[in-house]
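Heads up, the thing below is written out as structure tokens.
For reference, chains read A, B, C and D in written order, and residue numbers begin at 1 within each chain.
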Amino acid sequence: MNFDQERLPREKVFRDPIHGQIIVDNQIILDLINTPEFQRLRRVKQLGTSSLIFHGAEHSRFGHCLGVYEVARRICNHFQRNYPSQKKGDGLWDDHERPVALCAALLHDLGHGPYSHTFEHIFHTDHEAITRQIITSPSTNINRILKRVSPEFPREVASVIDHSYHNQQVVQMISSQVDADRMDYLQRDAYYTGTNYGKYDLDRVLRVMRPVKNGIAFEISGMHAVEDYIISRLQMYLQIYFHPVSRAMEVILDHLLMRAKYLYQHPNEYRPQFTPKMLMPFFNNHFTLQDYLALDDGVLTTYFQHWQHDSDDILADLSSRFLNRRPLKSVQYDDSTAKYLDKLRELITRAGFDDHYYTATNSSYKLPYDTYNPQDSKPQTQIELIQPDGELVELSAVSTLVAAVSGKEAGDQRFFFPKEMLRQENDIDIFQPVYDEFQSYLQNGHVVDPR
Amino acid sequence: MNFDQERLPREKVFRDPIHGQIIVDNQIILDLINTPEFQRLRRVKQLGTSSLIFHGAEHSRFGHCLGVYEVARRICNHFQRNYPSQKKGDGLWDDHERPVALCAALLHDLGHGPYSHTFEHIFHTDHEAITRQIITSPSTNINRILKRVSPEFPREVASVIDHSYHNQQVVQMISSQVDADRMDYLQRDAYYTGTNYGKYDLDRVLRVMRPVKNGIAFEISGMHAVEDYIISRLQMYLQIYFHPVSRAMEVILDHLLMRAKYLYQHPNEYRPQFTPKMLMPFFNNHFTLQDYLALDDGVLTTYFQHWQHDSDDILADLSSRFLNRRPLKSVQYDDSTAKYLDKLRELITRAGFDDHYYTATNSSYKLPYDTYNPQDSKPQTQIELIQPDGELVELSAVSTLVAAVSGKEAGDQRFFFPKEMLRQENDIDIFQPVYDEFQSYLQNGHVVDPR
Amino acid sequence: MNFDQERLPREKVFRDPIHGQIIVDNQIILDLINTPEFQRLRRVKQLGTSSLIFHGAEHSRFGHCLGVYEVARRICNHFQRNYPSQKKGDGLWDDHERPVALCAALLHDLGHGPYSHTFEHIFHTDHEAITRQIITSPSTNINRILKRVSPEFPREVASVIDHSYHNQQVVQMISSQVDADRMDYLQRDAYYTGTNYGKYDLDRVLRVMRPVKNGIAFEISGMHAVEDYIISRLQMYLQIYFHPVSRAMEVILDHLLMRAKYLYQHPNEYRPQFTPKMLMPFFNNHFTLQDYLALDDGVLTTYFQHWQHDSDDILADLSSRFLNRRPLKSVQYDDSTAKYLDKLRELITRAGFDDHYYTATNSSYKLPYDTYNPQDSKPQTQIELIQPDGELVELSAVSTLVAAVSGKEAGDQRFFFPKEMLRQENDIDIFQPVYDEFQSYLQNGHVVDPR
Amino acid sequence: MNFDQERLPREKVFRDPIHGQIIVDNQIILDLINTPEFQRLRRVKQLGTSSLIFHGAEHSRFGHCLGVYEVARRICNHFQRNYPSQKKGDGLWDDHERPVALCAALLHDLGHGPYSHTFEHIFHTDHEAITRQIITSPSTNINRILKRVSPEFPREVASVIDHSYHNQQVVQMISSQVDADRMDYLQRDAYYTGTNYGKYDLDRVLRVMRPVKNGIAFEISGMHAVEDYIISRLQMYLQIYFHPVSRAMEVILDHLLMRAKYLYQHPNEYRPQFTPKMLMPFFNNHFTLQDYLALDDGVLTTYFQHWQHDSDDILADLSSRFLNRRPLKSVQYDDSTAKYLDKLRELITRAGFDDHYYTATNSSYKLPYDTYNPQDSKPQTQIELIQPDGELVELSAVSTLVAAVSGKEAGDQRFFFPKEMLRQENDIDIFQPVYDEFQSYLQNGHVVDPR
């Protein structure tokens, strides 16, 4: 293993508001951080449109990736001090796994682009696949550095990310219901949004982690810390990640990119005044890894600035709405009221809006916790607790709190529409009767039977 | 109202680690704080034996009482700015209620003695009744100051504390499922223990509070903040207040006081070397308010120091165990295993311990949340949310999370015993066979069928 | 005053990680925040290149501007509660000044562009003048909204920003040695960088502020809080704002823009492959307010991405160095060693670098505190303390700590050069002798006599 | 070394609000914590009378001692990772010093009694000598446990505390201008008082520490972190430790114990109603180590409660003033105004107070930093910085800020007197003319020439 040979004589430190210090003690890690591919993450916001609602949360994916590395490093240290493997197969921690664990932690989000979720929706990209490509493609600086460890090392790191790596302790450290990734982003997003929901006792959760035969478990004495983590995560989803205004801004972004794609793909209908060079490979459905790595948040907003003055009214209006933060409004609906949505769309059309671009539905649901179910399309690794005698027990079997929320999805489904539809009592507005009819379908933030 | 006449020209400030500043702007409040009755609270720990487990949490009731006052003050300010009553009976906030609200908030815990819970158990005192007595008895400084507002004012303040005050907004501000008392102590105890469990978004909960006809409700948009508060409270109970070692120390304290009471009440059996003057009125079942107000944590531990060298072995040993923090051990049991407790007590007796003083059972259960039930002995005020159209809806009817935990008690019941019973494999200890048999009834921290 | 008429029936709240809540209780303020001019601040980083050193500090000017507003609001509340004017000219606070104070606080940074300092250096813009222009020009949304208060209101707000407003209490609240601007950014930058240097006791400093005849003074009992603020500010300058690597990245940015400007201004020498449309007005020395308001950080980095692949080697290299964070190195020098800089530049040229673009000198000095000196080009408002009898005394006259640092500049001057010059012992590099000679002039981070 | 043999297979953790986790990984350390001598520290407040001013700061010496241990542990880890000794005498860290460093850190404050400073003044005890006695006396549990390491180990630990230990790295880790003791208490006291003054960047200071030949130095790149620490320490002294009201309460305590000592030593003049058993050995100038270890804060306040009702008016009044927090008032004086103090004492006597018990002077000065001066009675270890080439440089030689404050004492001297002397304009009080004359000597909190 050539990793140890690159151990730094003195640790280097990145000051971090969440973890205090992020400690790097190997030249490989330092060199990975200094690649263009990794530095690019500074230009991609961690929370996308959420920063338009929680103005404090403008942090990028760069700090998060360092944070995941740091959490993984602490887990390795804890495992090595308290549960070191004595002989192969004893289910304890083999510290030879440290390099692959640290590199996978650091690099796991490398493939994220600007406003990833929306971008993937419109352009059918897959950030996880791109992450693996960056790691394994010989064209990248990342790959070149990883190969200093060994020729197969890039592939091993990539295999942690797609869960196929042989050691499940490493896989679960990076990706499971309680992994270094989530442990970092919950704390980080809570810090930057200025909310308390995501704060759980990171030190304590790390402390009660324990390597076991097929992965990672938690000492039963730390059950409440794990519960608190589960609930914190749920609260972050409901309060931050699923915030209706954030989703409304995402709808605008989605429709804006959809409109642009349509226009640039229909040259007969549309004479562009301006060519968004870096997006063209994506409009043309033909892009390289380098094209992808050139994108960042600033590139998109720069194009939106141009489009704000475009001859196409919809493109111009949606660009302006996005840049100047003028979200759509929304209401909740359910299976029984979904039938009214067509009527609502019709009214919106009558008020002068293209309902294809000015309305949307969105369901955001989160499973707070679930037990392992092999029938699932993506079966979750369940959380296991270790009892004093070494027996494992699944979390919801002993935690009343987790049992109460287990398997029950939380979230809502919403219908989005222009704020203009909520105008009231304006005698001279010819659309006021349309608005009034529209409003008769809404009550207390829900779609209702209009009577 | 003579309260306003005592308004201070400039606000005074107490620096507080939890609220930053506690602002006093009335001479009455300042004078109440400066009474001996209130200053005594500095010598009574907020968390009793918990500070023996969470060493950071050695704070007294003094700071908590100031904190409850400050939270109440902020609620009044918020109500007055955003929901001022326009005319009697409109269900909004009448700021004439401010004096009674602030004084009740400040004074609500005045009757707490040292290690209140245990002390009440042994000496049949009632801290709430004593609080009202301090407020209404003409012999106290507190009473004298309150009367400056009006002759009936002390009684009004006392009536808030026993819930009989006419304005339910005031009553619920001081005592309900989300009141100034709980809002302060959860944050405060979390701060001092150094845990994150009790941290919830105080600013946000205050912000979404709203006066309504029969009390206080919460805007539905703030539902998640209330949920988070409910869960934080539950976690504090499970993790801090119900901590098994803390309860074990409470058992020792309880048995120690029980032993002392027994001895001092049986002069024929026991010749005391030392007279605990300030406790004698309590041993004699005849104490005055002044006797009660003379007690504090230091008085008790001073007596324990004397008793540590007492001729009565049990009194001496329990005193030493308490002072030097040598807790009993404990295991959980349930209805099906309760039948083994007699056997365990018998083994403990055989190992040389008086089971009356060296064993105990304790059930600690908390209802995370409950709806109003008029059949209950102490029906809880349920939490109501206000919808945009003004309709109220009960919390668990809309919150999946709260519905999941509502009405389900959390906690455990435990059997306490001397640590010595857990000794292992000591060939020369003649009690080792007794210890071994005892241990055969325990597994993973539970009483089990011994096979 | 039409401001009061737009008072909101219920306060609105922005959640902020620094101040907890930012409270808006007037429609004017809300509408100002929602203008495109103000929303643009989301796309301009507060700390420019510092975020490349302190990765946590990626926050924009948007949150800072809200924060300054909030601090000003709290000062107004404090003044109004504790020092309300009774009659004109009594030197106390007249709450009619609130609208102009709040609007000036909110808008004071509106004219900042991307990487302001560097941008101004290259393009001779002036963010303060532009701020006033945005406020007073009839073409902006900001101006339109401010005029709802009164026709002269925009001009009044602008006059606070250029210090010509008649009421010095308002002027000093927004701009003085201890003003709402600095009070916010020190806390904010400390929070986001994750350092403790900038943390001082904001609550306490606010508490001891006091309106006096010609401005704002501080109660002498709060002297230590003011001292702490002075020292915190100094530490932030030395540690964060003057960080050598941050300045090194600024040098690269400066030279990169300088190079681009030169190239685009010399069409005979340079055939651009790409036209940076939004920068062209600036290259052409002819830009409108709209041109300026279109710029943001993302526009610049998007252009740098294009230039990274430019045919001009210097432009391409500097762009890549900036985007991928490859700073210049630097050493300190002083008056006695400045004479060696020409020699160093010569060596750098010999090693193949254009010294015009690859070297720089930079002096960064900060006066920790100074008394008022009418001879100064920009005389500072000195800090005055109020004694119990009402007499004012200048801070450094009573504070030993402040006296010790008063008038003494802190900082350094540095020479920047390519990292390559520090290479060591590479036998096959033909430049190694040049590097060796270069290094003989450096010791312990300083330029020295190369003996 | 038998220390390593007692290494715990799994680390144990104490949750601490300041350091997050205090990690114990050796049975010796655990056993030391569990001794009665160490547990007693829970009953002795860290800040004595300061908690009467900063109500949040009621923490005991127990947590502080754990904290010092934790800081020392982190320093050892850092030294061992980054500066491990390769061969004897290389000036790097030899990890065999860890046991003595950790034990000295943990035990360094063991000899503190209740309100140490005052107690020592009245009873001529010396907490440092008692600490060493507890460590080396064969009668203590502490001694017995330390001897498990080796017979000489107790004496080695004690020699660290009196600075005579051979390895100056260990000595300075525990006691120097930047040591584990100060590093813990500044953070801890800042946390509990709720102030920001004491917050400095602990992680960063630890990070730049470095073992050198004759002790510990700091990397010059960390100079600002050390400066910040120096200033934070100064601010804590001026703001917290020297708070005039805290000193006023100390005066009361001092005079109260002085009075009691006088009375109990003069049985002809005074017939005690009550015998403060645990103080009698001290009144009789003849106490054992066990007598000393029986004292704690609660013992003293229990006696004060008794004395509150004593027949001796002065004893009763001072006891009541202490318990109910009624401080003396104070003013500053200097060499030029010291001459008026006799006059002031005379007026106080005329107003009916015994000036021996109701007045006092107190000087509190702190040297923010000083260089080593062999002429000093207690020469300070100066702070040395390491330059990149390994040369040491003394801090104030390079830090303008530290140079500015170095060698200049900060603090004040005060005259204390009864609050009654400040009464104003009470026509019917016969002492009013005396009060008026008294007040003519005071202005702006200073003694002045009465005209």
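Just so it is clear, contacts are C-beta pairs under 8 Å (C-beta built on N, C-alpha and C of every residue); 3 or more make two chains touch, one makes a residue touch a chain.
Nothing here was measured: the structure is a model prediction, and the numbers come from that model.
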| item | value |
| --- | --- |
| Identity of the chain that, by mean CA position, is farthest from chain D | A |
| Pair sharing more residue contacts (C-beta pairs) when A-B is set against A-C | A-C |
| Euclidean distance of C-alpha centroids - chain A vs chain D, Å | 50 |
| Centre-of-Cα separation between chain B and chain A, whole angstrom | 42 |
| Chain centre separation (chain A, chain C; CA means) in Å | 32 |
| Per-residue multi-chain contacts in chain C, two or more chains | 15, 20, 195 |
| In the complex, chain B residues that touch chain A | 195-197, 199-201, 220, 224, 227-228, 231, 234-235, 238-239, 387-389, 391, 400-401, 404-405, 408, 410, 443-445 |
| Residues on chain D engaged by chain B in the complex (per definition of touch) | 14-18, 20, 34-36, 39, 42-43, 51-52, 54-56, 58-60, 62-63, 66, 191-195, 277-278, 294, 296-302, 305-306, 320, 323-326 |
| Residue numbers on chain A that touch chain D, as the complex places them | 9-11, 13, 15, 20-21, 25, 81-82, 203-204, 207 |
